[in-house]
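Once you've had a glance at the structure underneath, I'll fire off some questions.
Chain naming follows the written order as A, B, C and D, and within any one chain the residues start at number 1.
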Amino acid sequence: MAINGTVRPGLIQLKVLDLDKTLDFYKDILGLDEVGRTSDGRVMLKAYDEFDHHSVVLRKASEAGLDYVGFKILNVAQLEDIKAKTEKFGYKVTEIAPNTEQPGFGKQYKFTLCTGHEFHIYTDVEQAKDHPQLRNPDIWNKPPKGMRATRLDHFLLYGPGIAEAERFMVEVFGMYVPEICNTPDGKRLATWITGNNKPHDLAFVEYPKAGKIHHVGFYLETWEDVLNAADLIAINRLKLDTGPTRHAITRGKTIYFWEPSGNRIETYCGGYFAYPDSPQRVWDADKLGRGLFYFSGEMIPSFLEIVT
Amino acid sequence: MAINGTVRPGLIQLKVLDLDKTLDFYKDILGLDEVGRTSDGRVMLKAYDEFDHHSVVLRKASEAGLDYVGFKILNVAQLEDIKAKTEKFGYKVTEIAPNTEQPGFGKQYKFTLCTGHEFHIYTDVEQAKDHPQLRNPDIWNKPPKGMRATRLDHFLLYGPGIAEAERFMVEVFGMYVPEICNTPDGKRLATWITGNNKPHDLAFVEYPKAGKIHHVGFYLETWEDVLNAADLIAINRLKLDTGPTRHAITRGKTIYFWEPSGNRIETYCGGYFAYPDSPQRVWDADKLGRGLFYFSGEMIPSFLEIVT
Amino acid sequence: MAINGTVRPGLIQLKVLDLDKTLDFYKDILGLDEVGRTSDGRVMLKAYDEFDHHSVVLRKASEAGLDYVGFKILNVAQLEDIKAKTEKFGYKVTEIAPNTEQPGFGKQYKFTLCTGHEFHIYTDVEQAKDHPQLRNPDIWNKPPKGMRATRLDHFLLYGPGIAEAERFMVEVFGMYVPEICNTPDGKRLATWITGNNKPHDLAFVEYPKAGKIHHVGFYLETWEDVLNAADLIAINRLKLDTGPTRHAITRGKTIYFWEPSGNRIETYCGGYFAYPDSPQRVWDADKLGRGLFYFSGEMIPSFLEIVT
Amino acid sequence: MAINGTVRPGLIQLKVLDLDKTLDFYKDILGLDEVGRTSDGRVMLKAYDEFDHHSVVLRKASEAGLDYVGFKILNVAQLEDIKAKTEKFGYKVTEIAPNTEQPGFGKQYKFTLCTGHEFHIYTDVEQAKDHPQLRNPDIWNKPPKGMRATRLDHFLLYGPGIAEAERFMVEVFGMYVPEICNTPDGKRLATWITGNNKPHDLAFVEYPKAGKIHHVGFYLETWEDVLNAADLIAINRLKLDTGPTRHAITRGKTIYFWEPSGNRIETYCGGYFAYPDSPQRVWDADKLGRGLFYFSGEMIPSFLEIVT
């Protein structure tokens, strides 16, 4: 099949401080739908244009940040193949029983990268009740609300050893690397990685502390929707990080802000249509300001310094 | 690799009546760049956001219509594999020597489907001189002009035996089929097929005459660009077929018109982000009007009847 | 004052067949807010960005169509001046007592044009409870819903003697005429008239039957909102007339459809910013198709023939 | 007439350092057309959607900044009336002979406000050769280029005594004041003033130095055009001030930057449709950050400090 192996980043579990208040943000402002709660009180959500049971999980905790991210694999054979290759690559893999950690999900495996991030992989997932229509479908079931997030899109992870992590994503997950940023001495500073036609499914920035997340990105349809997201940030007095702006890297049109628990959110549209046969784009570290914040050409200190 | 085999529909050769006048359309109105001419007088063009040497070829002829379409394959091994599978499927394959039919292209194979359409496959292509930048890239080299077409996107082909053609695209090209339309007795009336995250790379409609093309689609970035295309259709007194409108099928936002030689062009944006694990959407033939022309819900006779 | 006399078309009363079903359209789909009901059961509504008590009134009747339209005058002196000039022009003027026909409205006058349309004029209006904010205002009070209509914008009226009606609007209402369409023998076929920077507050088409309305126009912010309106027309299975399209006349970007009672609605954005010192645009009758439906350049029969 | 007296801010003369380089910006990037040069070497320009002979004049000088702004008055009687009222208000008025200071302009008057700004008023202006079409018009004569500025829109002036200047604009120019910002002790800090349906034709900020200009604003059609302007700022390495963002004041969607000579330019779209009967919006000085930069809610120091 022309697309196979790793289909997409399809799951993230975030730690939040005030579950009710933060949940209100994800539902009423970001526009996700609550799918249900786990027996241990976590909340499962999905975007209106996603088929799978859920894509976002919120867990009440004493600090914001990431528990794990998950990737959907196309079929069982490929799931087992990636599991075997992961072990061969050197990461210890543990099985998660169906319908335990993730209601609606079949067999899962988990392992931790050198960067300190826990990854889950899975293939069997029940479809959400409120999935997009299939027979003579209308374009949505009910009007998209709030920021009208269409899907969980990507994450930017901070941690040590991203050159190895990049190699893992290519060799084991079968992804490719549309853009990289190197330091003057040729070391990887940042890498944008994808398994499909999005310019990134995930990205890594080299960072001394392990297991950190910079932001989780949700996809919006248009630049008008980025404006709508910005208006909702303002009206709801959320803390803006930066935007609306454009990245030269990925070409995405975007805005960054913090949800009430302090996790950074990106709502994003556009970006070029990536192909694995296109040559890699390369950024010099001293041009990263232009690459990230195309209009000003200048780095924003908070963008590099604040992670959870 | 997560994307492999058939990368994209990357080539189309169209027959045009008045080469100069029609070329003016493709360059000044649609916004392609002329790459050069072949020794036998054909004109090669590409969209501003494409890397490969060229994607569109115009050949002067006594009637409008299609010569052939081409698909890029990720690497040589997969090219040979698809060649072998094509022969096994039952189609006779002929080799085209490098830099003959297509300057800048390496080895190509050609064969004809049961629907009467000639397909080319290839993997080695020189990069165009004016390709997107790679080192600390800006978002374009010069301002996109006219309709600002970003890439050759897809084609809709009319011919007999589309169920077999669909099976070929899946079994040999490794594609999947996000949407289909069946007659009440369960026969395939139309099929939308893709090898990546676009909702279609190509589509077929069942039709008694072989080798016909309904339209070639070019991708625009936004609904504002569809409006700009519509304004250019009006100002240049091109013949509109229909639009701006939305398809429920693919969800694309679109406008159709005829270029000066009478080939139907679609300029298109949006569409959902397709995944091979999403369930197939199914249209009943009596709902096809709604599927194609979502706002009116009614079929447009010219849309079904006029092909070249 | 640089703007004075006739401030805007601020009121319309429409006849509807099924009050509840039609009201659902105006509230949930068009996006107006219900302000209240009159003692005789009419429903008053307003758009979210309007200050005045209400702008749209629905009255249950046995057929669709227009009761009357109303224009707000800047102050009492000008109201009385226009009343006097109207009588001098030859139309009989009747006073309507405050808070009778229109709760929240002060003194009104009414009269009937030669075209058979009843016009009301007024100046004192209570502000709606839910008007736009005034102290350190946010951009809206609650998220605009449905089609996100921002205001009652304009009407197109059909009737006999529009040359006189145009003269009345200029001489008595102090308006100007940005665009006209004449028949080959120089008679007025259509006229677009405004008292401010909109390209039209109202328009007339010459027609043998008196007192007819072609459509009432509501303003949307953007072409993306026109798309959203089109999607809502489709999803709610409203009957589309035509669009999305652009008028060359006014340059508006627009879509036309019928609400459940059969009154034609236009949801419209853009249009040039009109000034009284700009020269008048003139359309020949045989170019009216291009003027109205810029992309196809062809008249749509239903557009000329169906009025209520 | 419903609109009369002061029709619009129709003229600005700016000082520029490097005439050729700065002219390239105004033509190729902002998208104005050069109309011609005065005998003393100044360059006259206009936007594609303006009728009058020119609206922007560039004069080579040793520093950036403002020479004067001009307002078009509807007719001769009103020009003389405003001239007389200006003298009565206490400002000395001087006549400028036709076709001297401004080729294509008839009689002009000039005077200086208490804020130190020179204002010109005029009524007779030749139409530009390349004005918008009038007979069966297309929507433009040639494709709008660069940032696609449609018109000179407004200016923000800094100087002392803006309460008096506001009173002058209301009493003499017949304008109204949609929004104001006061200090805690009730003094006027800023005022937004208009003579039509734009939320501002000009604005003043209280400032100790006389005759300063903060920015000149040009109107763009859409938020997509603001993005295009931002992309052009980036690609041409112009110095960004801030944006894309939204003002809560006026609701405009906007971006600010400096042209090569150091004059600040705003390219702006949207904004509410102002009416003289709408109540005035009032901003507290400590909310001005939110009023100007709606998404962050925070003042940008450069925005208050840098004027020319």
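One rule holds for everything that comes next: a residue touches a chain if its C-beta (ideal position, glycine included) is under 8 Å from a C-beta of that chain, and two chains touch if they have at least 3 such contacts.
The shown structure was predicted, so the numbers you read here are calculated from the model rather than taken from an experiment.
Common neighbours of chain A and chain B (chains touching each): C, D. When the C-beta contacts at A-D and at B-D are tallied, the pair with the greater total is A-D.
At the far end from chain A, in terms of centres built from Cα atoms, lies C. Rounded to whole angstrom units, the spacing between the C-alpha centres of chain B and chain D is 47.
Look at where the CA atoms of chain A average out and do the same for chain D: the two points lie 44 Å apart.
Contact with two or more other chains is made by residues 138-139, 222-224, 231, 234, 246, 248, 290, 294 of chain D.
Listing the residues of chain B that touch chain D in their complex gives 138-140, 143, 146, 222, 224, 231-232, 234-235. Contact residues on chain C toward chain D in their complex (touch as defined above): 1-8, 49, 51, 72, 74, 127, 132-139, 150-151, 173-176, 194-198, 219, 221-223, 246, 248, 251, 270, 272-273, 275-284, 287, 290-291, 294. Considering their complex, residues 223-224, 227, 230-231, 233-234, 237, 240, 243-246, 248, 253, 255, 290, 294-297 of chain D touch chain A.
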